[in-house]
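Presented sequentially are two complexes of chain A, the first with chain B as partner and the second with chain C.
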Partner chain A sequence: MNGLGHVDDYPEIPVSLAPTSALLKTGAWRSVRPVVAKRTAPCTAGCPAAIDIPAYFDEIRRGELESALDRFLRRNPFPRITGRVCPHFCEQGCSLAVAADEEPVSIRSIERWLGDETADRPHVVEAEPTSKRIAIVGGGPAGMAASFYLRRSGHEVTLFERRDHAGGVMRYGIPEYRLPQEIVDHEVDRLAEMGVEIRTGVSLGDDFSLEDLEADYAAVFVATGAGKQRRSDIKGESLLEPGLPFLEAAKRGEGTALGDRCAVIGAGNTAMDVARTLRRLGAHVTVIYRRTKDEMTAIEEEYERALADRVKFEWLMSPREVKKARNELRLILDHMRLGEPDESGRPHPEPTGVSSELRFDSIFAAVGEIAEIGTFPERMRDDQGWVDVGADGSTRDPKVFAGGDLATGPATVVQAIAAGRAAAQAIDDQLGFSHLWPEEEPVDTVKPAEVNPTYMPHHDRADDHEVEVVTQFAEETATLSDAEAAEETDRCLSCGYCNNCGTCFVFCPDAAIIWEDGPRIDHEFCKGCGICVVECPGHAMVLVNEREVSNV
Partner chain B sequence: MRWVVPEAEHMSEGTLGCQGCGGALSMRLVLKEVGRDAVGVIPACCWSIIDGPWPTHALDIPVLHTAFETAAVVATGVKAAKTIQGKDTTVIAWAGDGGTFDIGLQALSGAAERNEDILFVCYDNEAYMNTGIQRSSSTPTGTWTTTTPDQRPEARPKKDIMGIIAAHRIPYAATATAAYPEDLERKVKTAVETKGGMRFLHLLSVCPPGWKMEAHQAIEVMRRAVRSKVFPLYEVRNGREYTITHWPDELPVEEYFSMQGRFKTLLSDPEMLEVVRGNVEERWQILLGRHQRSHPEMAPTN
Partner chain C sequence: MSERLLLTGNHAAAYGAMLARAEVISAYPITPQTMIVELLSEMTASGRLPAKFITVESEHSAMAACVGASAAGARTYTATSGQGLALMHEMLHWAVGARLPIVLTNVSRAMAPGWSIWSDQSDILSQRDVGWMMLFAESVQEAQDFILWTYRVAEQVFLPGMVGMDAFILSHTAEPLIVHDQEAVDAYLPKFDPLYDLDPAEPRAYGGLVNRDHYFEMRYKIYENMDRAGQLLVEAGEEFGEVLGHRYTPLEGFMLDDADYVIVSAGAMTSNIRQAVRDLREEGMKVGLLRVIAFRPFPVDEVRRILTGRTKVAVLDRNMSAGHSGIFAQEIRSAMLGQPDAPPIYGYVVGIGGRDVRVETGHQVLHDLLTREEPELALFVGLKGLPIGPVRKDFEIKPLAPLEVMQ
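Take a look at the complex of A and B:
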């Protein structure tokens, strides 16, 4: 209208120059606030040693293998061993399997890979010398783990082992094809190199008594295992070959199958080991079990491998009697059916009244082992005659601790390691040196319904490879390659542990998550929509009601 | 960070978007890729409010707030001025579904027909949310809004805006959603780099209050829209060459609808649900056919 021509002729228009953040504190809209929270992953919760799996996986992902190993060693000194033989309780709870119907992350294979990658690293004593002397009796996984943790804490540790070498069931019980002796040797050597004194060929009871040790040492940890064959109620039991001594002989290269047709009674891990070792010695093998496949206590994959080795299984057969007849053994079997659950929670087998007979050249018993506790004085026994052992390994004698299979009956290597560690911590505590054991706040476990598997890469789970076996007892699997381990680690949702994936940052509609190599939630502006919490793959964030955290 | 999404932030905190606002998130993600050398033109829409009251402003780029029908033509003018200044600034018209499908359609069509060198982004929340959830021509069949209440929910199908745009044969058009941020960033990058002509992005943008749902489910609902083929992700070059960029996985449409209160009536009406299901499948088949004709060498990946 006015003939606007030059820019100076235009009227002023309102221009906003301040950012909205200068004026609008939208955090005031919020009734709940997201908080990054460290929580327990279901894998960690399932692990007897409570290894912080998402945390060390994150360190692996970032290429910080030293830190990953350090973190691992806080809970378990032997990743090369458990990485091979652990029944991986961790994988049973994996959120991927439970929430996304995917194969669980191959946690044990990554553990094995980490252990092998860092095998050259010596163990170090982290604390100042305490000049406290501690005796460990029994060189199996519990005793070795306790030695590691006590030596690391600066104590002078002597490990007494009744055989020629330390290693216990890992050396003498687990077959070579599952756990090569050189791996166990290597771990024993690393203990010796860090200053654990290992005395072999001496045994509690024969060479010294508990009282002798108590007089010479500040504390004693006894972990002599469960090596005594459990008695069965099979008539003619003396005709049966016990399983563990057979495995030990085989490990020494002295195993013989004692004929072509062999039976193994029992369906635990010892039974699988015996059956598969016999197959390698050329025998035909039948496993006989009074319940069914679903109740067997062996690790599923050992059963699968036994099947692949062409071991035969006879389910619902309970041996009643063994008879020697000419050159063979006759095994009388009662046919069973499953009844009501018994105290173990598994259906109890009941006789059907039918029986049959099978003929073998030799029959091996792998029906379980019990602890030899004759060396413990009466004052340390409970009403049942067992050694009274607390969760931390404490006994009725304040200077004596015990743990492992001795206390629990035959269990797994990882459970023995956890027991050794718990006892080491209790001993260290009792001696007044608790500083090396950082207290971990108890936190709640991430539930399957909370995780968000949308963003994980969908590729197949990487397992240890089967190798072409050149000799009959060579290790049957190979460790993952670096690339496979990296890919597999990427599948982990990192439950309850922020691994800086950036999902919360990407999806925040309010730019209220500031990225500083990791998320920082700006509560001055966060409106509390909750998107970050539900999109977080591992639910390492929680929503907290403002009334619980606000000062107003 | 494991996402291929730029870390740089060009949207301020303290915007006036509601909790879980898909429009705010869309803007934030788009600007991450566009960067600071840009001018925004925003007609009447939620973003007129989200951007903050005078004297505040939420973005690192200058924005002109304009009348409802004029986003495309104002952007055209700004681009012309920038060209005269010898600058290569990206000019973005940023409109809701009202300013795109309905009130802004004439200016949009004109700019598209002239192949103006601008980027037009429609953040589509499928109704006039800012004024109180009135239906638009983007509102899908069976939807509750305040003007299509439960007694007579939206009867007509959602307008095929991508078809209209493609008919103008502009160099680049694409659908995207913040639930697939890497796909979105890649398309923004392509759009910015396709200079010299009109580019169009159609972004499905959740509105938790208008869709009657919890804010924390905002990402999941957009993801389900894609997975159930309700909102397929694809791009169109020169109006003819179609490429599906994310293959849906046969999620039943109910899994998308049932997250939202605005589809309560639809879900209780099997007959109408069948019609909607048929529409979704029919549109998908048309899109699939176009994709296959554009890529005869590629077999569909599912």
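Take a look at the complex of A and C:
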């Protein structure tokens, strides 16, 4: 080689003559390549509204609350409401719980914090006016969500509500201490401010028919809920107080326990609400359920709170008969045991032959609700007599859509919101716009075994604070502080979503990750070792076989 | 201001690294590690020594981290001992080839099995040919000062250096130590100026593949620089005296002027040998002591100058190279080979596996030297049941069956 003819010409150590970036393109050694990939987080997969939780968490982390809210609103218009009452299906799948044996991220509390932080922001109509008029029947969560999405898309929306105010179960069912009325008012006001026309005191069937609406509107969405008390086979049923009207009265400040010793029959969410409301009215309360704690349909959190409220539970007791005797009610109870699973998948309670009697001043029934569907004509029913509703809310009548509890039976607020949104999108599509929200391609869900919690901060989960209750029905929890929300957000592994944490950059042994606005993999030098993929906390990277992407 | 403390050799070494303002210290923190890095970890944690302290999972990785840090321009230090130094072996070569003036302290121990944590020169002398400078400390003061002395030379020739310190009799023994004034040390040891600037904007491959056309030349330069280090050690030792108050030399003589007999020793056992020399002088034996401080580069010329014309020379080895002799004896013999008036060299193997080398051991060796007529490669001192003498020729082995020649 020229210039190395004498020992003095030599460098002290062997150094490449040219920068290695020109010579040693080690990327050619690779058989697989890492790719930054958007994948579905288990929380998102668990959420009925499919909110992209890691993405809006990242925006919160970067202080971009407006963007975080925008992203949230694409899936759910009411973070202040679901942030308080949602059973947080999202948290059940949290990778942190499985991979690190830690409490799941307190997703609902952060949602609530975000909603409260951005409460002042008005909703905006994002599309050009379409002059299409759409009728929404029922002002509960499904109807309100559909109104939001259709109005946002430029349509003229009229919301028909049979009561004095919109809000449905959120206003008249869920007790004040869980969801203050002012929050619901605020959401209704925001809908009205964005131009949703809300007509109250009018009801389908009494004031207008489905056909009337079809004549006047381009599309109709019916979401009148499931507010009809299911009949029980208890003898003397007329002596029972129905649960939902009691809750509604309590919400209006007119609830009365009708005595000191109260029983609540049933163990769903309505039963918990009735029991806890009765406790707040000063009564002693016993919940009576024919199965056990493990089969109850109430969400765990509400059961825990009922216990904390010193509600008593009698399991495996099936009311047979209620009798009035002097000034009290006598409840005859069959003692049960669990048998084979029934069609609900839960063990069927069977009588043991033993019975007993308990005495109460009043007994409340919360044995479930069903939808009132008398206003739907025969042509829209299936052979069971129910309204035939597709996943997007479509019915046998192309102009009529339906959803929420009306279609599913009693469910949760978030499921109703998802149904309202799905129907809104279907209506928008059907009207020929399809200018709603771009739908992300469905992608695979991150599995707990893939994530890497090693480098995440490990501190205790932050839940909404219990607050010292000043008045009977004041909200019982308080929103996280900014600092708590920030710290809790940092616990998120960001499954399937690159939040620019930089772990891959730190660990790449070949310095083949170049940091621009985020990681860019320099495929000239990446040897495909996969360390970045394994180290990525949320596994937002995948290895792709080189043969699938190149001619190597 | 300098201060006078009572410290062990381990802690003295830590003070040496601190005074040198080591910027990166990487070490394996578990056995056979010593309190050297324990104290350094405390110094770095407290901020007293503003350095990066990197714990790793093996001595191999410790030296690898030192290689990286030194290549990046940091003054880099580590410490190890025994099997740890052996595990570092591959990376010791790397530091030489990459011309990185890393300094390490080795607390010299016997090698396993059988497991031993006691004093022995086998671990450090097993690294004789990797190309590191090697100094042997005798005192706690030297355990500290030799680190500074080594850095001063290493950073001129861009070769690494190790300071050997006898396990326990030096590493765990407390002696008065003068901790030098930091400003004076800074004057002696300016900031490290690396051979190459690594520039992330223009990444290059360092230490890559070299063909037959070029390897020899680069290795020759290492040899040349190690050779140059010999003179630099002398100069830097004098500078040490000027700046820090004590002059160090690669060799140290005691009662040599008129000595007919010379005993050669290295490391901490020399202190007892010095007393033995004094005692034998009183008995009328004209004996002197030559202490080898610099083992690499080996001060061949000075050894020749000192030993030429003596009647007999005894060399003490706290090691033995099976199949030959003690390693110091080999080195001395090799230096004297073919010199006119070269004295006969008697190799004595003592103190293996931490067995005490007492003043009396020195007496025995010198009495043996006086009476023994023929020099031997290795004379074993203190084996149970055997007098001082060479390896037995008549001991029985279990021979293989005689070969049957195939037709």
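Just so it is clear, the second predicted complex is superposed on the first by the 534 of 552 C-alpha atoms of A that agree within 3 Å, B and C clash if a C-alpha of one lies under 4 Å from a C-alpha of the other, contacts with A are read in each partner's own complex, and residues count from 1 in each chain.
Quick note on the criterion: contacts are C-beta pairs under 8 Å (C-beta built on N, C-alpha and C of every residue); 3 or more make two chains touch, one makes a residue touch a chain.
Remember, predicted model here, so these are calculated numbers, not experimental data.
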{"item": "Partner chain(s) touched by A:164 [first = chain B, second = chain C, both, neither]", "value": "neither"}
{"item": "Per-residue contact with chain A, leading partner among chain C and chain B", "value": "B"}
{"item": "Touched partner set for A:19, first chain B, second chain C, both or neither", "value": "both"}
{"item": "Touched partner set for A:294, first chain B, second chain C, both or neither", "value": "neither"}
{"item": "Chain B versus chain C as contact partner of A:340, first or second or both or neither", "value": "neither"}
{"item": "Which of chain B and chain C A:7 touches, first, second, both or neither", "value": "second"}
{"item": "Intersection of chain A interface sets (partners chain B, chain C)", "value": "14-16, 18-21, 23-24, 511"}
{"item": "Interfacial residue positions of chain A with respect to chain B in the complex", "value": "14-26, 29, 454, 500-503, 505-512, 515, 522, 524-525, 527-531, 533-535"}
{"item": "Of chain C, residues touching chain A in the complex", "value": "97-99, 158, 195-196, 202-210, 213-214, 217-218, 220-221"}
{"item": "Touching residues on chain B, where the partner in the complex is chain A", "value": "1-3, 5, 7, 9, 11-17, 19-22, 24-25, 28-29, 51-58, 178, 181, 208, 214-220, 223"}
{"item": "Residues of chain A touching chain C in the complex", "value": "1, 4, 7, 10-16, 18-21, 23-24, 511"}
